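First chain written, first letter: the chains are A, B, C and D, and each begins at residue 1.
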Amino acid sequence: EPALIFDLGGKFDKSFNEAAHNGAQRWANETGGTYREIELQSEAQREQALRRFAEAGANPVITMGFAMADPLSAVAPDYPDTKFVAVDVTWLDAPNVRQIGFAEHEGSYLVGMLAAMASKTGTVGFIGGMDIPLIRHFGCGYAQGAKAVNPDIKIVANMTGTTPAAWNDPVKGSELTKAQISQGADVIYAAAGGTGVGVLQTAADEGILSIGVDSNQNHLHPGKVLTSMLKRVDVAVYDAMKAGENLETGVFTLGLAEDGVGYALDEHNAPLITDEMKAAVDEARQKIIDGELEVVSYYENDSCPALQF
Amino acid sequence: MDKMPKWADVVLIPLISLILAAILSALVILGIGEDPVAAVKLMVSGALGSTYGWGYTLYYATNFVFTGLAVAVAFHARLFNIGGEGQAMLGGLGVAMVCLYVPWPHWSIALLAAMAAAMVFGAAWAAIPAYLQAKRGSHIVITTIMFNFIAAAFLNYMLVNVMRPEGSMDPATERFPEAVHLPTLHELLAPIGISFSKAAPANVSFLVAILACFVVWALIWRTRLGYEIRAYGHSETGALYAGISPVRITIVTMLISGALAGLMAINNVMGEAERLVLNSTEGAGFIGIAVALMGRSHPFGVFLAALLFGFLYQGGAELALWTSIPRELIVVIQALVILFTGALDNMVRMPLEKLFLSLRKGSA
Amino acid sequence: MTVPAIELKGISKSFGPVQANKNISISVAPGTIHGIIGENGAGKSTLMSILYGFYKADAGEIWINGEKTEIPDSQAAIAAGIGMVFQHFKLVENFTVLENIVLGAEDGGLLAPSLAKARKELEDLEEEYELFVDPDKRIDEIGVGMQQRVEILKALYRKAEILILDEPTGVLTPAEADQLFRILHRLKEEGKTIILITHKLREIMEATDTVSVMRRGEMTATVKTSETSPEQLAELMVGRKVLLRVDKAPAKPGKPILEIENLRVTDEAGVERVKGIDLTVRAGEIVGIAGVAGNGQSELLEVLGGMRPATGSIRLNGESLPLSGPGADGQARRARHIAHVPEDRQREGLIMEFHAWENVAFGYHRDPAYQRGIFMDNAALRADTERKIEKFDVRPADAWLAAKNFSGGNQQKIVVAREIERNPDLLLVGQPTRGVDIGAIEFIHKQIVALRDQGKAILLVSVELEEIFSLSDRIAVMFDGHIMGERLPHETDERELGLLMAGVAGEAA
Amino acid sequence: MDFLTLIQIFDSTIRLATPLLLACLAGLYSERAGIFDIGLEGKMLMSAFFSAAVAAVTGSVWLGLLAGIASSLLLAGLHGLASITFRGNQLISGVAINFLAAGMTVLIAQDWFQQGGRTPSLFGGARFEPIDWPFAEALSGVPVVGPIYSELLSGHSVLVYIAFLAVPATWWVLYRTRFGLRLRAVGENPAAVDTAGVSVVGLRYAAVAICGVLCGIAGAYLATALQAGFVKDMTAGRGFIALAALIFAKWRPWHAMWACLLFGLLQAVALRFQNIDLGGVVIPVQAMDALPYILTVVILAGFVGKAIPPKAGGEPYVKER
């Protein structure tokens, strides 16, 4: 029986935990299988949940978020027969852990290009939840994509706050959106969990475009959401559960090539994406896959060539 | 000349209140379609049924003892310190600096240094609100709320821009060296032949917390300073008459309170995480308010209330692990426990008092 | 025989285990003034609060004007024509006089018309009873005497026919008290019924028609005032003979202990309250400061006690005493052997939530005798307390009782015991017997005199002229921050002091 | 900074200040009557959920508002029961209410909508729409006055106007009516009210109920006017900021409005000027984020002085020990 450990944001974070939840649900619905799950409430529970599930015989144990790396490195060696899956972790030295990283900067690069192409004002916005490296990583890819289309583009980047409330403050998200609109932004990319709900809402209300994150959020405001940066955590979780105990371990980085990240195109945003836009983005996508184009990751040296944080 | 025997006040009323809270919680659990009996069993066995469960329960309780004592000490001087959260965050910063930047030969010396740093940092963070309250009359409730936000921003800056190891995704410091690893209860109890769960994070800080309870108790009820703090808390004009300086008491009390809140960091930062992560306090500063209020600001009461909350946290974790009960249910159960044991206790006390009075009259 | 205005039948009331009223019956004829006396804690206030609907009796009946009346709350009492002036005034401090008077008796939802109407009616009432107050002053800006008038006006504004006054003169100056009794007589002449609780037998003798005595929750006697004497009442009250006058030998003043020169005090609001006074107190004498409350006596006492800064010079035993800064707080004063019985025992002299034994250390909690290492020696403190309780006959003799659970008189005994037993060089005493029953007054006075006889200096501030006369060896009168003059008690009288207190300067002081 | 930016900042200030102001006035009624309330946050949150939920189900924002107010009133009643009837500790009761709301909203939301503790998005009549004042469009071109009229004053939802009208209304009720006189009195000296023949309990329940209604409006404003649905914990600590504003204002209505506007302004400024470049030195976003709180402390210490709460506040009224 697999087990799934959500990060502190909880499984309904409108973000990547929720994507994991969706993947697990899909697996359960398709196979009729059951799985255990826990929404962490505190840091101390990370290790606790790992051990408890491992001891109870859950296999594989799937964890969400980079913060699980540290406890995993302590726990995984104690349960060599258990397979662990660590989403957003790629740097552990543990034989029984399947480490899955996403090249969010690549996906963000593509939506950044779309944003720049859709923008009439030459200004695009980025709203992050909290100023942490992961969010800078998103913003950095986005900025590079936007600059690739229009080197003179202005990118307004804001963070919502410094307390956990920053991920659940749609009102502040709205105000930031309005602030960015007044600074000229007409496409805004939100990577801010529940706060993003406010960003997308206000963008729709004010008649500008927004970009969703993690899962496909195009349907939230049809015709108003330019696209969504997809991070296929759901697929990763689904695959892991499907593979079960026979899971392949090692480090997997899911980028454009693996369809681990991408941009969403469906009936809700089809009218917004012109053929040229699609062509340009798909070309860039291919180039990145082929290695002709390199999108710099923020993690490489803690800085971004296209945007200062 | 009490209306009720003391045991009834101390044991019976909390017990009945807890039962009422449990009944209501059971109704909520039923409401979302789960089995309350199984849930209670799971919570009790998960939190108290094994040394593993105890290890977690005591770990959480340790956090709450520190923040609860912090609030309680300030309460004795009628200062409402809502800033435990921020003070504990800063305490964590102090601990991290001590553990990371100084090579320590042995954990025991490191612990002493870390305690000192945690207390100094926590006290420093309480100092400005204290000074402003004492000298400028700026309401300490506002300033401490504001300082919580400022602390969060400061810590965020430190962890993202200053202390984060290069290239790490995690807004956290690197792991502390092995030398400052605090012995867990497992390691402490093994030599005397007691086998305690290896996995649980409860560590030597728990003993420090117990010690802190005694120290605070002695401070408040056995020292001149404690006497002055209580006197000032009860009557400001009285303090003036007795030559107790309001400015001094306000500042000293808040420094002690901040130091206690900061001290929490030896448990969660040094003892458990062994690194400083963002939001490491996780609201323990606010739980401390409930703990202090429920413990009637007495260290012993604080200890019991902290245990209760430790139980709820760990029991809740077990619920979350083995059932599909959403974690918000645990928040609701906590709310009901606080409500019944803390705010609605007179609902139980009033009829009980009548009962005892009539019993006494009947026998007299 | 006329129908009694008030008839209480078999009233009982317990507060938890304390039975404050036991099966009390009493009847008051209309148009009379009925006195109630009794020791502290005898249950007088409780009984009256039941009549006013503030407390609910456990058993018993209330009959008003011959009709059985249920009084579950004050609303019902007001409707039945009862008004009450509580021992501790029930006024909203930051409201104006007018607002306090209309509170609860407004007509209509809007304030303006109510206030306008009240203002007019108030003028009439003031005329009629010579009860002048400034309707627009805030309560915390006016003195206690005024506050009491507001309370009486509140009752009259509600058309009270029965007026209960609980220790109304406890805080009044003699002049204010005289004025009050004139008003009471006028009310009585109008046919109103008045119940008066007081500890002052003189007032009972002068003002009442009948008097009831309470002891330990029971009504022990009701007599016609004209057929009794103060001595008999005192005995009925306390259960033993009481000395109503202080017995003391003539003073033998020695060297100056306290020398005050050109002392000036400015309060928090920037008003100068003491305007340059000179005063000397010698060893073995009691100097009494008479004056209407609010003329700077309190501030003088507070400066000496280290509670507020001042300018000028004070010498104690010939050495100067700092008047501001760190060396001028209560601790420093105590270190210089100044003891201080403050004017307000509940707000200053005691921590009401502390046990008796903790209060016995209050102010002296840093005394080495109470320390053991870094801790306080609570056992020593408790032993000390037991001793003081015994010596000062504090009742109940329970060191573990919280101060708030003692009656006023016994609270005062704890404070006096604490301060006198320090054997200070200088004892500051403010209003030592306010609200205290005669048994306790006798005792406290004796202790003060005994301290004097040991050659200590005592500075007494009291608004009770009677107390000033019976204790002081020398009397200084304060008015508006100045000392108007000094007199020897046997060379002056109440009339002359009254004039000085009113600011009318006598012949060269 | 140009004039239009200024207008936009003020516009943002009004939006951010409105929920604070409603909650602050709510606290004012309660605390003026002597009942401390740190449960403003919880009541707002509860109302945010129920207003959004009912609006989503019925399609009527007005029904949503009513439901929000009702749910907030329920919690207010609980607070009253604990702190008035059973003379419990008002702080504990408030803490419990905050926890209760945080948990119950998500539990119920998940039970009803299965959308991860959220309500469905609200459309059309299920949301409060901005009200455009007459001629707002036409006047917007007029210099200075135009933007002020059409951007700043016009175009807010009806709840904003209710919030700001509640300020003079509160002032009027408090200082010009019998109810206000009694309310202020019961917070200062309940014994005076009691002996004057007025029910302390009744007054306090009335105050707590008004507090519930105002918190209800505040929550509904967040979920159905500013936003289009409920998200867990969406009050994000605004109840506590409102409490700070109340102390800042020393429990007075007009001052409360200025305090809330100040807090709103500081936030609006901080949000708008993140990452400003001061001649090469980039101010970290965290510093900007903390700025409103730092400035609050500075202003408090520098200009406000001592705040003395209603005298009987926080203490249950007990006649018999």
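Observations, loosely collected:
By our rule, a contact is a pair of C-beta atoms (placed from the backbone, for glycine too) under 8 Å apart; a residue touches a chain by one contact, two chains touch by 3 or more.
Remember, predicted model here, so these are calculated numbers, not experimental data.
Common neighbours of chain A and chain D under the contact definition above: B.
Most remote from chain C, judged by the distance between CA-atom centroids, is A. Note: centroid distance chain A to chain B, computed from Cα atoms, is 35 Å. Inter-chain centre distance (chain C to chain D, centres taken as mean C-alpha positions): 46 Å. With each centre defined as the average position of its C-alpha atoms, the distance from chain B to chain C rounds to 46 Å.
Chain B and chain D have Cα centroids separated by 29 Å. Residues of chain B in contact with two or more other chains: 149, 153, 156, 160, 326, 330.
Listed for chain D are residues 106, 110, 117, 284, 286, 289-290, each touching two or more other chains. Residue positions of chain A touching 2 or more other chains, listed in rising order: 10, 131, 162-163.
Chains touching one another, given as pairs, are A-B, A-D, B-C, B-D, C-D. In the complex of the two chains, the chain C residues touching chain D come out as 15-16, 52, 54-55, 73-75, 77-79, 84, 86, 90-95, 99-100, 102-106, 108-112, 114, 154, 404-405. Against chain D, the residues of chain A that register as touching in their complex are 10-14, 18, 21, 131, 157-159, 161-163, 165, 168-172, 174-176, 178-179, 182, 194, 197-198, 201, 220, 308-309.
Only residues 10, 36-39, 41-45, 47-49, 51-53, 66-67, 69-70, 88, 130-134, 137, 162-164, 299-302 of chain A touch chain B when the two sit together in their complex. Across the complex, chain C is touched by residues 1-3, 218, 222-224, 227-228, 230-231, 234-235, 237-238, 240-245, 353, 357, 360 of chain B.
Chain D makes touch with chain B in their complex at residues 78, 81-83, 86-93, 95-100, 102-104, 106-107, 110-111, 117, 240-241, 243-244, 247-248, 284, 286-287, 289-290, 293-294, 296-297, 300-301, 304-307.
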